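What follows is a set of structures to go through.
Two complexes follow with chain A in common, the first pairing it with chain B and the second with chain C.
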Partner chain A sequence: MSEYHLVRRGDFSYKRVIICYAIGILVSLGIGALLLIGLGINPIEYYGRMLSIGLIGNRYAYKCIEGLLKVFVPLLITSLALGLAFKMRFWNIGGEGEFLIGSICAAIVAFNSNGMPKILTIILMCLAAALSAGIVGLAVAALKVKFNTNETLMTLMFNYIMLYLIRYLGNTKAGWNFFLNPESERPIFGQFEENCKMGGIKIGCFTLLYSVIAAVMITIIIYIYLKYTKQGYEISVVGDSSATARYAGMRVGRIILRTMFISAALIGLAAGLATSTAGTISESITNNVGWTGVIVAWLAKLSVPGIFITSLLISVLQYGCQAAATQYPSIDSNFADLLQGIILFSVLAADFAATFKIVKKEGPKND
Partner chain B sequence: MKKLISIVLTVALSAFAFAGCSASGAEGESGSGSDFRVGAIYINSQNDTSGYTYAHHKGITEAMTAAGLDPATDLSIVDNVPEDAEQVTAACDQLAGEGCDIIFGISFGYIDAMEAAAAEYPDIIFSHATGYKSNSTNFNNYFGRIYQARYLAGIAAGYKSLALGNNEIGYVSAWGTEYAETCSGINAFALGCQSVNPDAHVNVYEIYTWGDQDLERQAAETLIDTFGCCVIAQHCDSAQPQIVANEKGVFGCGYNSDMTAEAPDAHLCAPIWNWSAYYQTAIEAAMSDPSAFMSTVGNYYEGINSGLVAVSELSANNEPAAQEAIDIATDLMKTGAWDVFSGTALSFTGDAGSVAVTENAADLLDSDGNVIVAAGGASVEDGVIQGSMNYYVAGVTQVNAAEG
Partner chain C sequence: MQAAIELKGISKSFGSVAANKNIDLTVGKGEILALLGENGSGKTTLMNMLSGIYMPDSGSIFIDGKKVKINSPQAAGKLGIGMVHQHFKLVERFTALDNIRIGMGKEAGVFFKSGYTRKYVMEIAERFGFNIDPDKYVYNMSVSEKQTLEILKVLCYGAKIVILDEPTAVLTVQEIERLFEVLFKMRSEGHSVIIITHKLNEVMEVSDRVAVLRHGEYVGSVETKKTSEKELTELMVGHKIDLNISRPMIEKTQPLLEIRDLTVKSDEGNVAVDGMNFYIRGGEILGVAGIAGSGQKELCEAIAGLRPIVKGQMIHDGESIVGMSPKKISKHGISMSFIPEDRLGMGLAPSLSITDNMILKSYNDSKGIFVDRKDARIEAAETIEKLAISAPSTETPVRRLSGGNVQKVLLGREIKSGPNVLITAYPVRGLDINSSYMIYDILNEQKQKGVGILFVGEDLDVMLALCDKIMVMCHGKLQGVVNGNNATKEDIGLMMTGALNIVNKEGKTDGIAKDSIIKDGKEEESV
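On to the complex of A and B.
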């Protein structure tokens, strides 16, 4: 009798990776094409629109790029932040909650800014967002270090606490609730004043938001931090083996606290930037980056340039699926999500196939 | 390497930006067959088979067909858009980019983003359901006097309670006095019940969400089992309250669509929306002269008279006199001779074939006994019905305590 099992491939070849990914993507697009044909839609036309994120034939094409970047920036920063924690084998899956608390705190600053100068207001919003989320991260890390609590559960549950908090804020009409628009009879979040809204550099009609520049700079800084600093090195040692780190004289607890603070604070910063860009808050402001970021970080194998490229590709996929769906009345966003899911699943499967191989092992005697 | 990638990307993106500028500068017609394009922003999916988005999508497609447009090619939809200003703005940008001439947004929370989009795209008409904002050129709001249809359903419920000798009527409501929309609906329904059975008492069970099938079911069960209600009306998404009424052998009035199929032995009639009445008016006005839209259509708030609201066909479960009384009340509202929230109460008497209505001057009282409209007074202003009504009329009680 023989049995099969998985073995991690010892060698690494770009050729194999590319072939696996190509097959995975082709298979997923093929499945999608069958579904599209079933709905009476030309799949080539549809995919064309999807991959060009609706630019072609668009009267305001620059808006597509602006829209894409609004999806991209929070996803990029959040994925980088999650990657930082994952490198240390600290399973921060609380991106959603950390993003939301950051968003709420940025909104507290914004709704009470009373005509403060724009630069100051936005910097304060980002600081409030980063600090509040960072403190949450620190608290979870402290519980882990002190009592060895399970950080996966802690951060996961925190997501729901924050989700229900923002829902409560959005649905509760009361004198103290400055988050709401006082003019509306129904509870609805208010809009920020002009001094709280992210500005940018005008390039023709297109506005390159400062948040995009900030995101690129953060990417570079994290790359340098992980690659060339002592703290960055400590993170990878703790991730490989905390016992080794301890043996080498590193203060593991402190490293965990520090890294988790940075990770959560970065997510908060992403929230601050996104909240200022949106000009208001809402329970869907995260755009699910806390979850998608986990996928991005792992697809990119936690490498910083990889995260940059993967989050850009996933943003194109998300934005493009939506843009294409808009043009076909019979296609709704559920189908767009389905297609995205099929593609992501195939890519993950391809990644798996590129990393592992199935080995047939001749059964040893009969024990 | 990293820097290189980011520089390349930045350059590529700015190149796209300039390409976009020139495309919009050229102002070329997009490639679609027709030159008029309708855009829609939905809170759920256009592929729903019932509910709020379904009703609007049906209205838009019917109106487009009637106006000579093809929904398969001349309609762009962004669906599942939450009430989040940023996502609504993105949806408006996308629809504007595709060359839509009129963009409908169907959910209340789209209000601020649509107002901003109307200012940004002056050539496109933005039309927002259930809101209260507008401008003088290209942004209106639209809604309907659904309370009129609820009054009619109340008449059917009143006859049923009279016939059963049970004055207790139940009402499963998403919200209570927090929203004028739900509150005015409950009040109109109660007044309709009282026009037939003056002792009718409406028990409101509030579920604190627009839709939750379990809560809707539990609320209906409580109203029947604990409060002994003989008719269950509803302002919530699903047909669960009607299904419960059917199971427990009582009667009910659904909402949004004729729920007789779901509750064949229980359902009397349902207040329903025919959104195509508005969409056809709006699309045709936008096609003929978009610049005059705000004077030809303007802010739209119509009722029974335009066909925007109605009651579904009365099922066989109704008392024989109900249809006649409903027809009489419908005519009074259609001609504008009378409206629900006024100092004149209707009273229906007589058997089928000889139903008579008397108009009695009477104070319209809230449940605390305060006078809302003095006897003989004119109807309250639309602003009250749409925005500030936050009390129940006499004869209505909420059976579950209001949450903090």
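On to the complex of A and C.
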């Protein structure tokens, strides 16, 4: 009788990790291809369109890049922010809620801006968004520090509070409700004035939004923050062992409060930028970044460059599926979510294969 | 002698690490076999294979001459092998009897025929001379009672071969004696006992034969009667080693740290340290002996400023340190290294590099917002070299180091800050002989520099050899202070259990220095 069992690999090599991940992604694309064939679609053609995000043979190719970046920026900033909290082993899964409250507060500024200068308005919107989300994060952290509440539950519940808040605002026709379009009979959210919309640098036809520049700068700042600053060092110590941090004389409570404020405020900032870019609000403004960001942060193993690359790839996947969907009426952008799920599974399996090996148990030799 | 259990060519590896290589081992019926070996020599792995937790990669196991396959703890139980683990596996909220009953399975009946099991259990307890109250709840039991229950449990499940993993680590001298009596009783009943231990004197006392493992290989076995502690150590380590711990005598200074009437509460709110008085002079090692959980941890944390005190005075260098932050106390020259049971829990951040762990207490001393790792790297390299830490580089995560090296990193950091009072709790916890002696040397070196050392320890033999004075705690109370060179283990054991108290003996109060700078009454009012 032969048996199989798992053995942890003694050595570690980047080569094996990369090979395992590549195989994982190929396998998931393969499964996706089978699904596509089932729907009567040529998978090679479809994947081609998806990965080229509709650039090829398009007169307005620059529009595709702009669209991709609009998906990319909020996802990148949110993933970085979540990674920051996760590094401290603080399970902030309230990205959605923090994003929504940020969005609502940015919209409050926008709807009341009354022709303020553009730069000032947008900065105010971002500040309002970051501050409001930061306060939510701070509240959860304070409860954790003071009463040792479970942050996973608290942040999760905030997601629903914020979701129903924005639904309430979007469905209630009333004199005070400045969020709605006053000309419409049905309750729908109003559009921002021109002074609230994100501007950018014109490069030919292509507009490089300021939000993209902001996102890249935030990435670099967080990289330096985590790797070289004292506060970043404190985060890694607290995350590794809070008992040790306490023994070293660190004020663990304060570090948790500070880091969670930064994490939530960054998500709020992402919301402010996204809201300004969209020019309106809606309950789907988050594009699920609060959830996708969790996946991105873990796929990247909380490394900042890893998060940058992973969120870019996930954005290509999402936007590419949208772009490809215009050509194939039988499938829509939900296919992106499906494929994303399959990829996540395969990558986890790949990670497992990179750390463990399966060994066939040999019977005793000296029988 | 007839063999109860026979291992032939057993090998087991984890990844590329071979934990056991081709081991042959025989245990006779009615024999007590001591299994000796340094840390990482594969003792626990081998025993885990006998108790069905691991399966050997190759080799075979014979029980009563028949070849068997042990692929689960249940299978081991059926074959009559029972293991008493270092960490007890008992349900705290159950009584002794219920703890035995839950593992009985079918024999106890669907509805737990309580009369039957009670009779059965008590019969066995009587046969082996256990003194146990079947209706006592586990959470009310002392450590030794819990261990008695564990042993009784495996005997009730029909074990003929009982494996004990470091059973004496948590017991007092008197309790150890009682345990050995039980073991002798088991031997006379024809049971086989395998006992894993680090303590050579116990090996000499209790075992019939000693089997030695070294680096996963079976070195051989010797009859206890025909060997000596020295020979066993050489077998274990593979070369000659000087077993004497030196106790250099140096000029002692005035008390560096004085503690008066200190009372501290535990996390649960009980009084953990109860009105303790003691002092440490420069150039001496003050040992702290006591059963685990007698308030040692709380005492250390109170001195380091990590735990608020209820009342009392703590004077260091003529200044009260009560109410100071941990950072301030460490600046003041008091440094603490506490090795918890899991070793890495306090004092070190396991995923971080050696460099990052070196700066854990000092990272905030440099100016600006950035961490200065350049100097830290040099410091880490110096410490690695000075303490002979075996690590690939200064950037290796601490968790990849072996136990001894981890503890050296911790001590190295504490010494680096140049303290004049060093509090070290369980610094050799789980270390093998070589590494332990390295740590003793480091401590002696500090002592010779005039540092006052508070050494919270477990092994009385070591403490008697190393410490200038030993103070004994029981339930947070000081039981007395004895001299390292004339105290006996028996006295300390009695003091640990609270049976002997020598404070205030002969009109002299232990724990208060004659040349104390604390003026009685005067300073106490100001606190």
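Annotations for the structure displayed:
The rule we apply is simple: the second predicted complex is superposed on the first by the 341 of 367 C-alpha atoms of A that agree within 3 Å, B and C clash if a C-alpha of one lies under 4 Å from a C-alpha of the other, contacts with A are read in each partner's own complex, and residues count from 1 in each chain.
By definition in this document, contacts are C-beta pairs under 8 Å (C-beta built on N, C-alpha and C of every residue); 3 or more make two chains touch, one makes a residue touch a chain.
The structure displayed is predicted, hence computed values, not measured ones.
In the superposition on chain A, A:Ser52 makes contact with neither chain B nor chain C. In the superposed pair of complexes, A:Gln231 makes contact with chain C only, with no contact to chain B.
In the superposed model, A:Asn195 lies in contact with neither chain B nor chain C.
A count of residues in chain A touched by chain B and by chain C gives the higher number to B. Once the two complexes are laid over each other on the shared chain, residue contacts for A:Tyr62 go to chain B alone; chain C is not touched.
Using the contact criterion defined above for the overlaid structures, shared-chain residue A:Asn177 touches neither chain B nor chain C, since it reaches no partner. Look at A:Asn288: by the touch rule set out above, it reaches neither chain B nor chain C.
No residue of chain A touches both chain B in one complex and chain C in the other. Those residues of chain B whose C-beta lies close enough to touch chain A in the complex are 1-3, 5-6, 9-10, 13-14, 16-21, 23-24, 27, 30-31, 45-47, 71-72, 75-80, 82-87, 90, 93-99, 108-109, 111-112, 132, 178-180, 387-388. Those residues of chain A lying in contact with chain B across their complex are 54-55, 57-67, 69-70, 173, 181, 184-186, 188-189, 191, 203-206, 208, 216, 219-220, 223, 277-280, 282-285, 304-305, 308-309, 312, 322-323, 325-327, 329-330, 332-334.
Against chain A, the residues of chain C that register as touching in their complex are 8-9, 14-17, 55-60, 304-306, 325-327, 330, 336, 338, 344-352, 356, 359-361, 363-364, 369-371. The touching residues of chain A, counted against chain C in their complex, run 5, 7-11, 228-233, 236-237, 240-241, 243-249, 361-362, 364-367.
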